[in-house]
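In the two complexes that follow, subunit A is the common piece, with subunit B as its partner first and subunit C second.
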Partner chain A sequence: MIWVDTIVQGVLLGGLYALFAAGLSLVFGVMRLVNLAHGDLIVLGAFLILVIVSALGLNPFLAALVALPVMFCLGWGLQFVVLNRTLGDDILPPLLVTFGLSIVIQNALLEGFSADSRRISVGGLEAASVSLGPIAVGVMPLLTFLSAVAVIIALNALFYRTALGRAFRATSDDPVTAGLMGVDPKRLFATATGIAMIVVTIAALYLGTRSNFDPTIGPARLIYAFEAVIIGGLGSFWGTLAGGVIIGVAQTMGAAINPEWQILSGHVAFLLVLLFRPRGLFPRAND
Partner chain B sequence: MSAPASSAWRVETRTRAATGFSVFAVLLVAIAFAAPFFVSRSLLQDLFLILTMLVLAQNWNLLAGYAGLVSVGQQAFVGFGAYAMFACVSLGGLDPILAVLIAGVAAAMLSVATGFFVFRLQGAYFAIGTWVVAEVVRLVLAQWRALGGGTGTSLPNAAIRDMAAVQWIAEAFSVRSAQAADILTYWLALILCCATIGFIYWLLRTRQGLGLSAVRDNQEAARSVGVDARRIKWAVYVSVAFVTGMAGALIYVQKARISPDAAFSVVDWTAYVIFIVVIGGIGTLEGPIIGVIVFFLLQKTLADYGSWYLLVLGLIGIAIMLFAPRGLWGLFSDRTGIQFFPVRRILKGGPSTDHQGTRGGPHG
Partner chain C sequence: MTALLETKGLTARYGDFQALFGVDLRLDAGETVAIIGANGAGKTTLMRSIAGVLANGPGEVLFDGQPIGALPAAQVMARGIAMVPEGRKLFPSLSVEENLLMGAYGRKVEGPWRLDTVYDLFPVLKERRNNPGTALSGGQQQMVAIGRALMSNPRVLLCDEISLGLAPVVIRDIYAAFPQIRAAGASIVIVEQDIGQALKVADRVSCMMEGRVTLTGRPAELSREDIHAAYFGVHA
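So, the complex of A and B:
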């Protein structure tokens, strides 16, 4: 019975990792860009929500709603002004620029907010739980998982049912021909990063309310997100959710055996998938 | 149509600036070796830091700038080398200098094991894959209770004092053994640094080096003329791990205290190194040398401003990558044509050369 509980908690934790990963997966799918500052952008989002909560006294969920347009514009501007300049055949510029960005965001947050551990309070909701049969499940972890599923469904709908999604897929396949059909790749890429930042804000809300955070935890979130994307297979949003769940379950199982093994067992699960299924469990893209 | 014998094609790499520079370089190395005779202990420690960072930077540059393997996980080899050295000295009772060599071998073996994983990933995913591997190595070594687990441990004082040549240096300079150990580690760092630069310079001038540049510029084209891209990348990955592991071990002989978080720090052993190479000029031997000087001057200037230092370093790195991707040395070299370590093949002689009598592209 305790194992069932461990697995359920792991699946719910996987929802959080899938939220971290969905934005990364989106940006990679559209423009083949891996943003090494992704984790730090999530932490930046959490601090933004924290500031809105303490300045306006809003409920964190409303504060996240206020943060959404801000983060969208930030992502749009970042892509349009900085990251678009790095795209091309050479992989060095995007990697090194986003790595520099990661260091800059971390240290700017350290300068602005100090290294203290923070947490966004959701007024008692942290401790609330519901019982699913014999297992008690926290309300926040459940909300996280449901949000992750909702985000994945929304991203799939966006990609496969809207004109914008068609433009995303066309540009991803062949930017030159898409450009001839009237798509402006630079603006499209900026929009994609903006949408990724909306997902980042949702991830930031749950990161900030479920556990403590400080300016330096971004890179570890990037690694979890990246592992989820690779395990799921590049280009598949549902695969990303499955990848997050696998990391989450591996971590809670590891922690149940020895608390020091939590993080390690997540990484080991990733390496095992890499060894036996190097293209991930549900590969869709051909690269 | 055959050209007369006097104007037959020749491939040369020699340039006049480089000949002048080699005389200067020999002088500089001679002065550097003599430095312990006339500089203070704190300056010597600064020089040790510069030399070891330069070794790490040259290695990362070979990996990313020449082999196209952008790793953000080189701290795996720094930390693993350092821990291997600690294990040899603290648990095995070996001499630290011998332990540094063993650490290099251990890091090379680790790179063979981890290579099977990371070489399944391409480009940007290779970068994060190396980072995951470094995290795994850190988490595993943090479980090693005999070496202090998560909190770390110190080298026994006697191990440093009894190091071969420390007593001899202490008597020759009439200093205490701690200072003699600093002098010894400085000399070792200088030797490692010269050997690294010499090795990379030699490598780039060989056929393998030419193949390496060809793979970086266009992997498919290089493979079509018979360059074994995969083998070259593996060889570079493993030899870089060997030197990085030795550098890590040497750094921790000097620090004499280790913890998993410090030994596997992505900021100390990878972020700084990347900024040094990018600011100086990636894909050149001169770049990391310029970069390490800029890095050190910035560090001294901004030492009192805490995280502003890394913030400024990051912004400079981004600006250079966006507006001058070949770095400070690239800006200088493009304007003057000067190369201190000429690896470009220049085609001379033959019929219908231009007025300078040279042919060949900038990256030839």
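So, the complex of A and C:
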């Protein structure tokens, strides 16, 4: 029963990693942009929610709703003004610019909020749990996982059932020909990053409410996000969820054997998947 | 009378290489103009320049008398100029039907061309509408590319090398659709290496060589020798 409990806790933890990764997967899937500042943007989102909670006294979930349009606009502007200029045949400029952006965000947050560790309180929900048969699961981990599933379903619906989603996929295939269909790739990419920032805000809510955070933890979240995306197969949303779950389960199982092995186990699982399925578990056919 | 589409002294470059030298072209409403020429003559460059894919140098592109030469492809398309690009360029991630629907993404106007009328024009596409576009035969892919361009109900249809790499029987089937496309109101510019096919469908023919228009006229008025000289630069 301990192992079943361990696996369940790992699956729920995987939901958090999938949320970290879903925005990264979206941005990569549409414009082949590897955003090295993704983890820092999640931390930025957590600080934004913290500020809204502190300033307006709102419940964190309501504060996240307030933060969503702000983060969407931030993402839209960031892509339109800065990141679009880096896109092209050379993969180095976006890597350098987003690496620089990561440093800027970290230092700006350090300047504004100091290096102190923070946490967003959700009151009684933090300790609340529900019984699933003989296993008790925390309400917040369960909400995190359900939110991750909802985000993946929403992104899939957006991509495969709407005109905007068709335009995302077409532009990802061939931006020049998409232009002949009336797509303005720069605005479309900005919209994609704006949507990714909505996912980032949801990830930030659960990052901030489930664990302590400070301005420098972004890069570690980026690594989990990368691993989830790569395990799942680049550009596959369900694959990203599966990737997050695999890392989560590997971490909790490693921790059950020896608490020092928690982080290492996740990385080992990632390397094993890379070894046997270099293109991930669910790669897109045309990647 | 104002031409529907006109280029005046159009030039275009790929970096240091100049591909077009003062090209003049005129398309009147309801007309089909064919542009013929050997590989490297500048035909595709001219299409890309008109469609806004390639930044133009000095010279003008006028649509309904309005300059459109500086507009990006999305805005050119929104005004009613659709292009069937060389090599079809279907989106591999999209099914046949999704490829067709993408054609109307940037221009949603009422007109004769909708999903059902495109399927009437090319019935085989309806049978294969859920297949990936790139899983079709070359001829069927070309039908998707033409149908996709028609979905925006364009006033001008630019067709770049639509017979390239296709069997003669398939080319005949595709060109059989053109009278219906014209009857529905589109004016057409066809880039074609197959001189015989171009002369059959066009009201006027322009021949290009080395980035310049070397001959223009109505098919009945052009002699085989004139075309040969304009096409190859040597007299037969």
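Rule of thumb we're sticking to: the second predicted complex is superposed on the first by the 284 of 287 C-alpha atoms of A that agree within 3 Å, B and C clash if a C-alpha of one lies under 4 Å from a C-alpha of the other, contacts with A are read in each partner's own complex, and residues count from 1 in each chain.
In this section, a contact is a pair of C-beta atoms (placed from the backbone, for glycine too) under 8 Å apart; a residue touches a chain by one contact, two chains touch by 3 or more.
Everything numeric in this text was worked out from a predicted model, so none of it was measured.
Look at subunit A after the overlay: subunit B and subunit C fit there side by side.
In the superposed model, A:Ser172 makes contact with subunit C only, not with subunit B.
If you stand at the C-alpha centre of subunit A, subunit B and subunit C are 90 degrees apart, rounded to the nearest 10. Touch criterion met: A:Leu222 reaches subunit B, while subunit C stays clear of it. With both structures placed on the common chain, the touch criterion links A:Val183 to subunit C but leaves subunit B unconnected. Of the two partner chains, subunit B is the only one that A:Val97 touches; subunit C does not reach it.
Legend: residue contacts after superposition of the two complexes on their common chain; A:Ala163 is shown touching subunit C, with no touch to subunit B. Once both structures are fitted on chain A, no C-alpha atom of subunit B lies closer than 13 Å to one of subunit C.
Those residues of subunit C that touch subunit A in the complex are listed here as 51-53, 72-74, 77-78, 82-83, 85, 89, 91-94, 98, 101-103, 105-107, 148, 152. If you check the complex, the residues on subunit A that touch subunit B are 33-34, 36, 82, 85-86, 91-97, 99-101, 103-104, 106-108, 110-111, 219, 222-223, 226-227, 230, 260, 263-264, 267-268, 270-271, 274-275, 278, 287.
By the touch criterion stated above, subunit A contacts subunit C in their complex at residues 163, 166-167, 169-170, 172-174, 176-184, 284-286.
Those residues of subunit B that touch subunit A in the shared complex are 64, 68, 70, 72, 116-117, 120-125, 127-129, 131-133, 135-136, 139-140, 142-143, 266-267, 271, 274-275, 278, 282, 306-308, 310-311, 313-315, 317-318, 321-322, 325.
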